[in-house]
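Working notes for the structure below.
Labels run A, B and C following the written order; every chain starts at residue 1.
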Amino acid sequence: MFEARLTQGKILKQIIEAIKDLVQEANIDCTDDEISIQAMDSSHVSLVSVSLRNGGFDHFRCDRPISLGFNAANMGKILKCAGNEDVVTLKADDEGEALALVFESPNMDRIADFELKLMDIENEQLGIPDTEYKCTVQMPSSEFQRIIRDLQVLGESCTISCTKEGVKFSASGDVGTGNVLVRQNATAEKEEEKVMIEMDEPVELTFALRYLNFFTKATSLGPTVILSMSPDVPVVVEYPIGETGFIKYYLAPKIDEEEE
Amino acid sequence: MFEARLTQGKILKQIIEAIKDLVQEANIDCTDDEISIQAMDSSHVSLVSVSLRNGGFDHFRCDRPISLGFNAANMGKILKCAGNEDVVTLKADDEGEALALVFESPNMDRIADFELKLMDIENEQLGIPDTEYKCTVQMPSSEFQRIIRDLQVLGESCTISCTKEGVKFSASGDVGTGNVLVRQNATAEKEEEKVMIEMDEPVELTFALRYLNFFTKATSLGPTVILSMSPDVPVVVEYPIGETGFIKYYLAPKIDEEEE
Amino acid sequence: MFEARLTQGKILKQIIEAIKDLVQEANIDCTDDEISIQAMDSSHVSLVSVSLRNGGFDHFRCDRPISLGFNAANMGKILKCAGNEDVVTLKADDEGEALALVFESPNMDRIADFELKLMDIENEQLGIPDTEYKCTVQMPSSEFQRIIRDLQVLGESCTISCTKEGVKFSASGDVGTGNVLVRQNATAEKEEEKVMIEMDEPVELTFALRYLNFFTKATSLGPTVILSMSPDVPVVVEYPIGETGFIKYYLAPKIDEEEE
């Protein structure tokens, strides 16, 4: 049996919002350490990986590992019924065919319980190698979201180049060209406004804006995004979730920019 | 001649908003006591009944009873031109073919007068029997709106069951099932947050969510909704309008839940 | 070479928003005094004229007059990438084929530079005669916007009649008729709430609401709009831009109201 209670139930809403446009079906994998989701998008171009460790829950019990296969759109519909202040509890039997979701309003006047039908989904756990990256950029997630949204008016690809000076996002197309430079700013007053760059060598990679834009659906999960890049390997776009979780997106760079 | 002046002109806007998706054409029936509207929705499934008694107006004069047949969409278009703070005056001659609507801004800098063309509409005043109901639930109108909206993701029908403990709204469908329990809470600090249940015996009835959702367009008219239910008779969904009026919706229960 | 720097870069966004639904392509004409735009709408019914004098810029340099032909929709897309607090700099070479736009965030953490491809557009500078108008009405731009929006529910034309008492906007159609009277009010506390009428003789003219509605896209540029009217000549709908600029729309009255 699996049971997990999260006071900040909003986080589950936001996680599903952050993956449901990318992924149609996925498994929630529950162990006694954490719940995690790992899935490729429907065109097998990008990968999303979510982890919430048991320490982030008020109550967490998982007797033996289980995989709960769900349809992301349906899960999203049900989680939309949870208020932003609601406490959310997830429950599943070991052989159950449904995931129970209980939403309690803070003053307990209102209790909603839902059952989401589960499905069998082939589990294609991908071993993600633990890479050392040449460049790591931490920046405000809202700033990243805005840049990706802005550059979409110009073209389909975005080149991200990281130097000591800052990180530059570029796009071009019929309308013209655009470059947005975000300068290193490790001394900003607020932690979430800091722009911090760690780099061994400059990196420049080009990505499909369409996918980067999907990733920014996770912006509401936290004030910060971390981009990790090395030549010729997928970028990792990570949104930390509090102290005990994350959502990471992986996207391979475009090999030949001339293609599009 | 008929003339009625309402300082809170916004109420008329809200009433028309609350019926115009349900009813295409209707009569405003004016007597020296009140103005009222009674109409069935276009598929003759539900009934809406509005009453504003003369005491709610700043000025009210109705020399002899008249019926003003109007198109609800057109009336809505004109009332959208009234500001939320405007004083609204309605005027009609006994044999007139138009309803005059005058909107005055609070500081009188702006006066708008409109004429809405009237039409002859067959008057099918339905005698609504004054029933005693087995259960009456008073709850926050915004809470009721939210529950109806939420349950629509699950199915087309909603079962409302009322017990001493509280009132439970349930729906189910392909995605899964959902139950929202609202507990009796007669001691809430604010009058509009109270949930009060009066019952002689438990009642459980099933309704089309589509119509319940239409009714919640009246939510802006007040903080409270009152549901009155007895076995095998239409539910009454009532939104009180201040001290001197109401909008009531009647909807027959589904006989056989298996139908849908 | 041309270079102009505007601390309140938002003004450029708003100007392009105010013309892009009306005008597809136009020239920015730069001289050492000002930048200006003059263009007819695509159906050659109305004319828009923009002027920003050099005094309104923080830095302004124009070595010799040049015309920069641009696509308004594309310019709009790029200017949407400027934040509302950004400083905007425009740059063009004398023979250049692109307009450079640089957006700097107030704290300089973020610099975006865009290049918009330019095009050759036939320059049809229309000499606008400096007319004396029989009536001039200054009123809140938001009030004008609301009236035009409201009257569109009634018909396609709006009659504006100006008397000493006030200015009246009228429309009629299948739904009914409507008149909005805005009274002279030169003593309002706030400058932007004043309604001031200067007139030699009463004027009554009828215009296509569709175009008046296009003009109200300029509402965000300032709190005030000025309508100048004389019999049988185009109305001027002017939005002053701070102390040093304006956007003016010209629209010929309908000759025969029966036409529509």
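We adopt the following convention: a contact is a pair of C-beta atoms (placed from the backbone, for glycine too) under 8 Å apart; a residue touches a chain by one contact, two chains touch by 3 or more.
This structure is a prediction, so every number in the text was calculated from the model and none was measured.
Q: Count the residue numbers both chain A and chain C use at their shared interface, divide by all numbers used there, and answer same if that is over half, different if under half.
A: Different, since most residue numbers here occur in only one copy.
Q: Angle of the rotation mapping chain A onto its copy chain B, from a C-alpha fit, rounded to a multiple of 5 degrees, please.
A: Here the rotation carrying chain A onto chain B measures out at 120 degrees.
Q: CA centre of chain A versus CA centre of chain C: separation in Å?
A: 43
Q: Show the residues in chain C shared as contacts by 2 or more other chains, in ascending order.
A: There are none in chain C.
Q: Give the list of chain B residues in touch with chain C in this complex.
A: Listed in rising order, the residues of chain B that touch chain C are 71, 74, 77-78, 80-81, 98, 108-117.
Q: Tell me, which parts of chain C touch chain B in their complex?
A: 143, 150-151, 153-154, 174-183, 185, 188, 195
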